[in-house]
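Scrolling down, you'll hit the structures one after another.
You will see chain A twice below: alongside chain B first, and alongside chain C after that.
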Partner chain A sequence: MLQFIKEGLSGKNGQYFAIVTAVMLVAPLIFWKLDLPFAANAMLLCLMFSIMAMAWNLLEGYTGQLSFGHAVFFGVGAYTTMILMLYYGVTPWIGIFVGGLVAALVGLALGVPLFRLRSHWFALATIAVGEIFKLIFISWDYVGGSAGLQSPIVPEEQKLYYLQYAGSYVYIYLALGLLGLELLVMYPLVKSRIGYYLQAIREDEDAAMSLGINPFKYKMVAMFFSALFTGIGGGIYTVRFRFVDPFAVFDLISVSVYITIAGILGGIYSFVGPIVGSFVFVPISEYVRVYIVSRFPRFYGLHVFVLGVILLAISLLAPEGIMGWLEKKGYLKKREESGEVGEK
Partner chain B sequence: MSLLEVKGVVKRFGGLVAVNDVSFSIDEGERIGLIGPNGAGKTTMFNLISGYYKPDKGRIIFDGRDITGRRPYEITKLGVGRTFQIVKPLSNLTVLDNVAIGALLRHPDVNEARKRAEEVLKLTGLYEKRNMRAGSLNLPEKKRLELSRALATEPKLLLLDEVVAGLNPSEVDELLKLLREINESGVTILMVEHVMRAVMNISERIIVMDYGVKIAEGTPQEIASDPRVIEAYLGREEL
Partner chain C sequence: MVGLDYVANAVVSGILIGSVYSLVGMGLALIWGIMDVINFAQGDYMMLGAFVTYWAFTLAGVDPLLSVPLSFLVTFALGVLTQRVVIERVLDAPMVSQITATFALLLMIRYGAEAAFGPYTKRIYVPYADVIFRFGTISLQLPRLVAFFVSLGVAVAFYVFLKTTYTGVALRAVSQNRMAAYLMGINVRKMYWIAFGIGVGISAVGGTLVATFLPIHPEMGGFYALIAFIVVVFGGFGSVFGAYISGIIIGVTESVSALFISPSLKDVVAFLLFIAIILVKPTGLFGTEQR
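Right, the complex of A and B next:
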């Protein structure tokens, strides 16, 4: 475990990592001092989507299973955290992790039927599952039905217990900590035997089986960790916005597809690609949503149009995402030393 | 003691009987050739042994264990390595990683598996290309990659599906020499091959299939003069 992390942080990579970490730690202080709530909120969303896009990419980039249904895990994580807090008085410090775990168990249960399907059939089925979850939660009274659930404002002395703070500043540090935890889990995972096996499954399932790999078993492992951290992303959403409703958290476009675009934009063959993608895509989308759409209300839905433009730009200019493009331009070390990397 | 026993195996695809009541057995350490005209059922036989197809009838015993209907990855773990006639490289991974993934089966530590993979690649002559993307190899190299990967799983029985096809004569000799070395190190070999020179040269015993049926079995000399085999390949002489 530690050995992989040590290797990963050796040389230039370690320097980049230190610089980025320092910037991330200082940025919210600057936003706070200069009173920039929009920037702080955008940064929080970037981190939240980083956590989820990286988790999503364990399934897509490493295992080759394209999911358009990660809103399921996001929503389950968000609802679990909320219900534990609201009905049972459980602190979100625990609830967020329970939410992740419940999402992971849902992932395993869904994996049994879903992984019987290959390639685009799998992708289509994940869309259907996402919509089914939305409908179930809309008509489920225990979780507040279509109105959703809202947590009340708590008195000053309970702020820490219920993780309730004004603005996004404190939550940025929470999200940073959780992203750090995810890196600590994911990096050794993809560098170990499991990571190699996942890639073998992505490349060719028949060949993988001839090498002693049980594709179903390892897809389930990928699903577990993917759903776990996506559910944790949902928990962050709950504590930040204190309000969950089925239309928001199970939304196909603004959750499932956003995660997908962040991942693809950053580059699915890169470990940190989804983080880069989130930090490029989420601010653009937020800017369009908050400033442009609010000024021209007749153009509601413009932020979805922007998605289309961005997708078009990726497919034309950088089919392997930002990280793939940087590799090709020679700003980053190539995955193979020979330089014979072709277009996929 | 026989390492592999195939007993009365039948495989149908719709109305077509691809393998019809075929039985044979292979002893430990043997080199066996499986030949026959196109569509004889050789690759189907391989897929049955390695678990990619389930037989409709009959039993397959490997190393004293009934493996009939077991999944391919379980059969690999028990010690059957195979190559694919239509090559299946893990295209976006390096040659070294392709082979290392095979080695991970017996060596769960990644660094250890990579070391094993390097040794295998030195043996099979792909070491110089270890950092290339597997998808960018040419066809004979991809066939050797198939062999390397199967070897890395440290099999007792190696099923080779046309690894010689597409090689030039000197490359064929080189590969046959390698296969003998592998065999001498204790690996039993069953190979499907169309290149007669190669299969006659290396096999101690040859099994001939035609239209899903085993029509002959014997030493290369016996097979070469067997009228049923000649008929299968050249057709019946018209009077």
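Right, the complex of A and C next:
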């Protein structure tokens, strides 16, 4: 495992990684000093969606299973963190990870029926599953029904335990740490034998099977890690926004499709693509939402329209995403597996 | 205990609303069957049809029933445009690009309409909206009854079109074997324009009919798209007539089950049914083996 990380950080990659990390660590301080709450919030959302888009991409980019249902894992993670904190007084420091684990278990349970479906059938079924979860949580009183749940209000000296800070500044470091953890887990995973099994399943499931790879088993492995980190993303949402309701966390458009667009925009055949995609896409969407739609409620829907335009543009002009496009133009060194970019 | 007359009423109203579901499902099935493309934005073209009717009624006082051809033609033109600008480019692209392209259309149409028309619910008040016929314990609202007959008429006209005209036969040929049809001198590209145009046009007629008796909203397409998917899955992919029958079955199932279970659980049942059908018999009730 360490050997993979060493390889990944060797040469130019390591320099880029160091520069980006340094910028990420300093940026929240600058935002805080200059009092830029919008920028800080956008950065937090970028990181949150980076975590989730990368997790989503383990299923889509590596395994070839297009999910429009990642809101399920996001919502389950968010609700678990909230319920542990609200009903049992468990600190989110633990709750976020428990949330991820519960989401991963839900993912495994869903994987059993869903992985019997292929290509667009899988995508359609994940949409249906997302809606089912939303409807169940709306009518489930224990989790607050359609009104949702709100974090407890805690005294000043407990704010570290309950992770309640003003603004987004502190949460950026939390999200950075969790993204770092995800990179530490995902990179060795996709570089290991399992990563190549997953890509074999994506390219041709029947051929992979004939070579002795059990597609179901490895899809379940991908599902586990994908749901795990998406659930962790949900935990970040809970601690930052202190309020979860089924309409927000199980939303098809503003969660599942957001994750999908971030992943596809960055490039699904690239390991860091979803992070790049999130950092390009989330600020645009947030800007339109906060500065145009909030000021002119009459134009509600414009921010989603912009998402549609972006998604259509990528689908038609650069289905390989930003990273794939950069590689094609020669601005980035080609990766060893880049031969399959743009193929079925 | 639910009385028998309630059930009879529910069956009748289910058939009437089901005939609208059928139209939306037929459009989806046509596009799916001919091009093997899933149009996620199907419900939103239907919404456009409903809004064409709304604006024609509000601005020019055109009766909703007279605007059926108008709404068909407007969405037909938009459909052909969509096919030329968007769908054609992703026909041979990977599955993910096809899905994301039509999903992008969904976002653009639904939320573009919301930004343009405002996030408000609108309603057409036709003078005959409150005319109600009673047959024993069964009561029928005139607009719903009219919607049923218009829908039936559209379905029959479409059937005749597919069976007797050159274009209809060519469309079926393209759906059976694109290459063979091409070799027989059929302009496949043009057939695809027509298929997408008619597919969204038929759904838009469904939107027009709905607008006569239900409130309309820019986001209404989401619900009808879901219904359309269930209809198509149930009726068998690409089977346009399976879609018509299954639309009515879904309508009846929906309104009868509404007597017994709460509305929110009703939708859960619908989604579970959807997943169960694609797990057990993805070719649907009337479908043939997939290519």
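The definition used in the following text is that the second predicted complex is superposed on the first by the 334 of 344 C-alpha atoms of A that agree within 3 Å, B and C clash if a C-alpha of one lies under 4 Å from a C-alpha of the other, contacts with A are read in each partner's own complex, and residues count from 1 in each chain.
We adopt the following convention: contacts are C-beta pairs under 8 Å (C-beta built on N, C-alpha and C of every residue); 3 or more make two chains touch, one makes a residue touch a chain.
Since we're looking at a predicted model, the values are computed, not measured.
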item: Partner chain(s) touched by A:Ser294 [first = chain B, second = chain C, both, neither]; value: neither
item: Larger contact residue set on chain A - chain B or chain C; value: C
item: Which of chain B and chain C A:Asn13 touches, first, second, both or neither; value: neither
item: Which superposed partner A:Tyr269 touches (first chain B, second chain C, both, neither); value: first
item: Which superposed partner A:Trp121 touches (first chain B, second chain C, both, neither); value: second
item: Contacts of A:Ile136 with chain B and chain C, given as first, second, both or neither; value: second
item: First (chain B), second (chain C), both or neither touched by A:Ala200; value: first
item: Touched partner set for A:Met209, first chain B, second chain C, both or neither; value: first
item: Common interface residues of chain A - those touching chain B in one complex and chain C in the other; value: 342, 344
item: Residues of chain A defined as touching chain C within the complex; value: 60, 66, 113, 116-117, 119-121, 123-125, 128-129, 131-132, 135-136, 138-139, 253, 257, 260, 264, 268, 298-305, 307-312, 314-316, 319, 342-344
item: Chain B-facing residues of chain A, complex; value: 191-193, 196-197, 199-200, 202-204, 206-215, 269, 336-338, 340-342, 344
item: Partner chain A, residues of chain B touching it in the complex; value: 50-52, 71-73, 76-77, 81-82, 84, 88-94, 97, 100-102, 104-105, 108-110, 113, 131-133, 135-136, 149-150, 152-153
item: Residue ranges of chain C in contact with chain A within the complex; value: 38, 86, 89-90, 93-97, 99-101, 103-115, 118-119, 218, 226, 229, 262, 264-265, 267-268, 271-272, 274-275, 278-279, 282
